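Have a look at this one before I ask anything.
Naming follows writing order (A, B and C), and every chain is counted from residue 1.
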């Protein structure tokens, strides 16, 4: 009996001790959340490295407000439940700003936690309009939106490629489907949508759907989704004798697409931000990144800029307090690796310069 | 150690080595821990099985806990009630997750533990419950949470009955696969029925429940609410185990044919346990929906089903307290070991094998199963 | 278009059939579903990837001849996978023989998760991409397009099935397997070493699954560690469809499932492609548990 009492008391004591987490003062903590493990971990590590680079650069200059910056990584495993847990962990640890969540299904539930705690969140990659539609004043993103991207892709298809028949495939994710619907909406009346198909993500065999698409005889095939499925689709489409080129979004902008799809990907289009290798402002970033972590991923530079925006705002606000930083982020007039960034009232970037890329000689090149 | 044992051991290590060989080139580093882990587990199992001290120690602990059952339960409940007072919001969220999974594990334990039916798609019921609440309170805003909560349970129960009537004619492995198919079908439908479920976007803006003007907005309040639900579920299940139904279930698990011969309507009892467990699964889903405020098909994958099953196995099949312990271990522990999250599922898989081979009755064990295993060992060569 | 769907269905159906044979064989002798079988198939695909990536390090006579090289890849991958099957049985099933039904099921599930994550950790979570060895150039014939690879896959799966058929029906070990699956107790009485037979069965099943894995890897060009989950379930469906425990049934079931899926996804909705397999599975189990070619039997436990 006595023993049990002791055990219970020890348990209580342990719980009480855990309250003293996250000491104030010594360092300023920045969170970086995304899938650091799992099938799409590559996006997570690209993001983390981008943020790391920004933090290291600031620390080399003496930190912010005279304090060192500490990067706290959070692994949401692309799972909503884990994302909320990570968000709560950040709040408890006294993180003052968060870069991240990659997936919309993680960003959205996590943003509520950040909102309650008054911590600014800048997503580097979440393109779903719903994120900023929630009306939270602390949620921002540095990437474009699906509706802007869908419009860019549709405009390119109609005006440049002058297509008449389009087939649309999406991967039934928040991102893929949203993007596909925006694309469809923006095509206008002159273009006939000959197929609108969803596919199961993670599957390998898409031969039925590509056969169907091929027999619909489109001029262009749109794909809303990630490179893993994109590469397979393109490859299998060409294997059943299809000839129309593919167009996709930021999700397929990856070297992996070229590896999976092989020669079949030649001539594939993708909408994305402008070539950071050609933006003069990103030159320094690219060089430094390569030195430390190798070739930057497509979202590394976005994460880097997001982290810089948070750090700059902390400096301007003069305090490491989320509630004071948020208005500074909203008012920021930032010139970074991506060029000029300003946020609108919802927290989206004011200008989203989507351009179209094309695979030529097994490399993505910006279409001039 | 005799010669036979030695040969067996040799085979064992050779097997592990061979399994690692093709992947050696890529990561030599991982082989050693796997090896050591396997060795350690084997040694420990041998040691724990033969060492008088450990056996008596365990027996004594179990007996003393059993003797002071009320006190133990009271103490645990008191600790659980007091946790949020001293803990940060993050810890409270973690423990709320533990409670939700404890409800799920307790519910799954009704079928897996008591009637011996393996359900692999349990997450399907959880999803049905969560989506019912989401659709009723947020998507179409038809009613409040207090009406949606029982409706969620009932909707899941209905699914359980609809699935159970044809499926429960099957046994064992087949039934397991059918339930697995059910879980997957639910998830695929959730992704595709855009009008009803929001498709891959899920349902946004599910509000926390409120008592009149008082909203359970603070994590602490919600924790207590979830704890109350868990206590209720455990109470019901614990009472059921001791009731005529519980005895009938265990009789069915032990020997279905004999149970049938004794006049137990096997099918009806199976269906009852199945739908009851679906009902509690749905209730847990409903709580999950209001806790998250946002649900999408991503939360209801096969891995979650496995996770819940693992809790039941780890805690002890058929043991109610074991399910709660399992949930605590499998949800809280990874939270504190976030750095190792990569290895989480690997360890779970190994744990499931190790427990089945070395200790089928789980950590806390089920008296009946333990007895059965012991009998088997006595019969054996 | 119909013929195209049919051809696609047959290609994928061949691999379902090969994996399904593993389920059926094991079920025959042990009356138990080997849940980890899908993972063996996935590991086969990874072994194929590792071996093909080693091409530059191979002796020159292998580098010169592609068919010979592929044969070696298939052989080695299948052999290693047989060992996996052997040890899988040894570690996860043998100690549990005679235990309550639930126990081996859970340990099999554990094995499946363990292997999946083991491969994920050691090989990375990213998709692995096969080097493009065989020409993917499409040949068009009467409105149907196919690649030489596709034909190779169809013919090798048929050849492998013929090999298994010969093994089961014409060799001593095969006869022992059949005897054990009819009545293990009697088989033991007439001097068959049941333990050996069970090990051989697991090895044979894994052998075929590994071949299917390598083929699928070559065909799709990209593999990842989750391959075994869906592949396993679908192959299991195929085995059930043909009548579990029935060797020709598994072959027919595999092809049939492949074709049904291809036609269903082609003519109805590709979004629900995976649902077809599950629906077939549930429908067959509920309405005709013996499968298409299976004999009626009361015990389905």
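As a convention for this text, contacts are C-beta pairs under 8 Å (C-beta built on N, C-alpha and C of every residue); 3 or more make two chains touch, one makes a residue touch a chain.
The structure displayed is predicted, hence computed values, not measured ones.
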| item | value |
| --- | --- |
| Central subunit by CA centre of mass proxy | B |
| Which of B-C and A-C has more C-beta contact pairs | B-C |
| Label of the chain whose CA centroid is most distant from the centroid of subunit B | A |
| Subunit B and subunit C, separation of their C-alpha mean positions in angstrom | 30 |
| Between subunit C and subunit A, distance of the C-alpha-averaged centres to the nearest whole Å | 38 |
| Where subunit B touches two or more other chains, by residue | 188, 191-192, 342 |
| Contacts with two or more other chains, residues of subunit C listed in rising order | 271, 274 |
| Residues of subunit A whose C-beta touches two or more other chains | 37, 172, 198, 200 |
| Contact set on subunit A toward subunit C in their complex | 37-42, 172, 197-200, 202-209, 211-212, 215, 228, 231-232, 235-236, 238-241, 256, 259-260, 262-264 |
| Of subunit B, residues touching subunit A in the complex | 68, 71-72, 75, 78-79, 82-83, 86-91, 93-94, 97, 188, 191-192, 199-202, 204-205, 292-296, 298-299, 335, 338, 341-342 |
| Residues of subunit B that touch subunit C when the two form their complex | 11-12, 15-16, 18-19, 21-23, 25-27, 30, 34, 112, 116, 118, 120, 166-167, 169-174, 176-178, 180-182, 184-185, 188-189, 191-192, 302, 306, 309, 313, 317, 342-343, 345-346, 348-353, 356-357, 360, 369, 372-373, 376, 380 |
| Subunit C residues touching subunit B - in the complex, by the definition given at the top | 32-33, 43, 46-47, 50, 80, 83-84, 86-87, 90-92, 95-96, 98-107, 109-119, 121-123, 229, 233, 236, 240, 271-272, 274-275, 278-279, 281-282, 285-286, 289, 300-301 |
| Residues on subunit A engaged by subunit B in the complex (per definition of touch) | 1, 4-5, 7-8, 11-12, 15-16, 18-19, 21, 37, 74-75, 77-81, 84-85, 88-89, 91-93, 103-105, 108-109, 112, 128, 130, 134, 172-174, 176-178, 198, 200 |
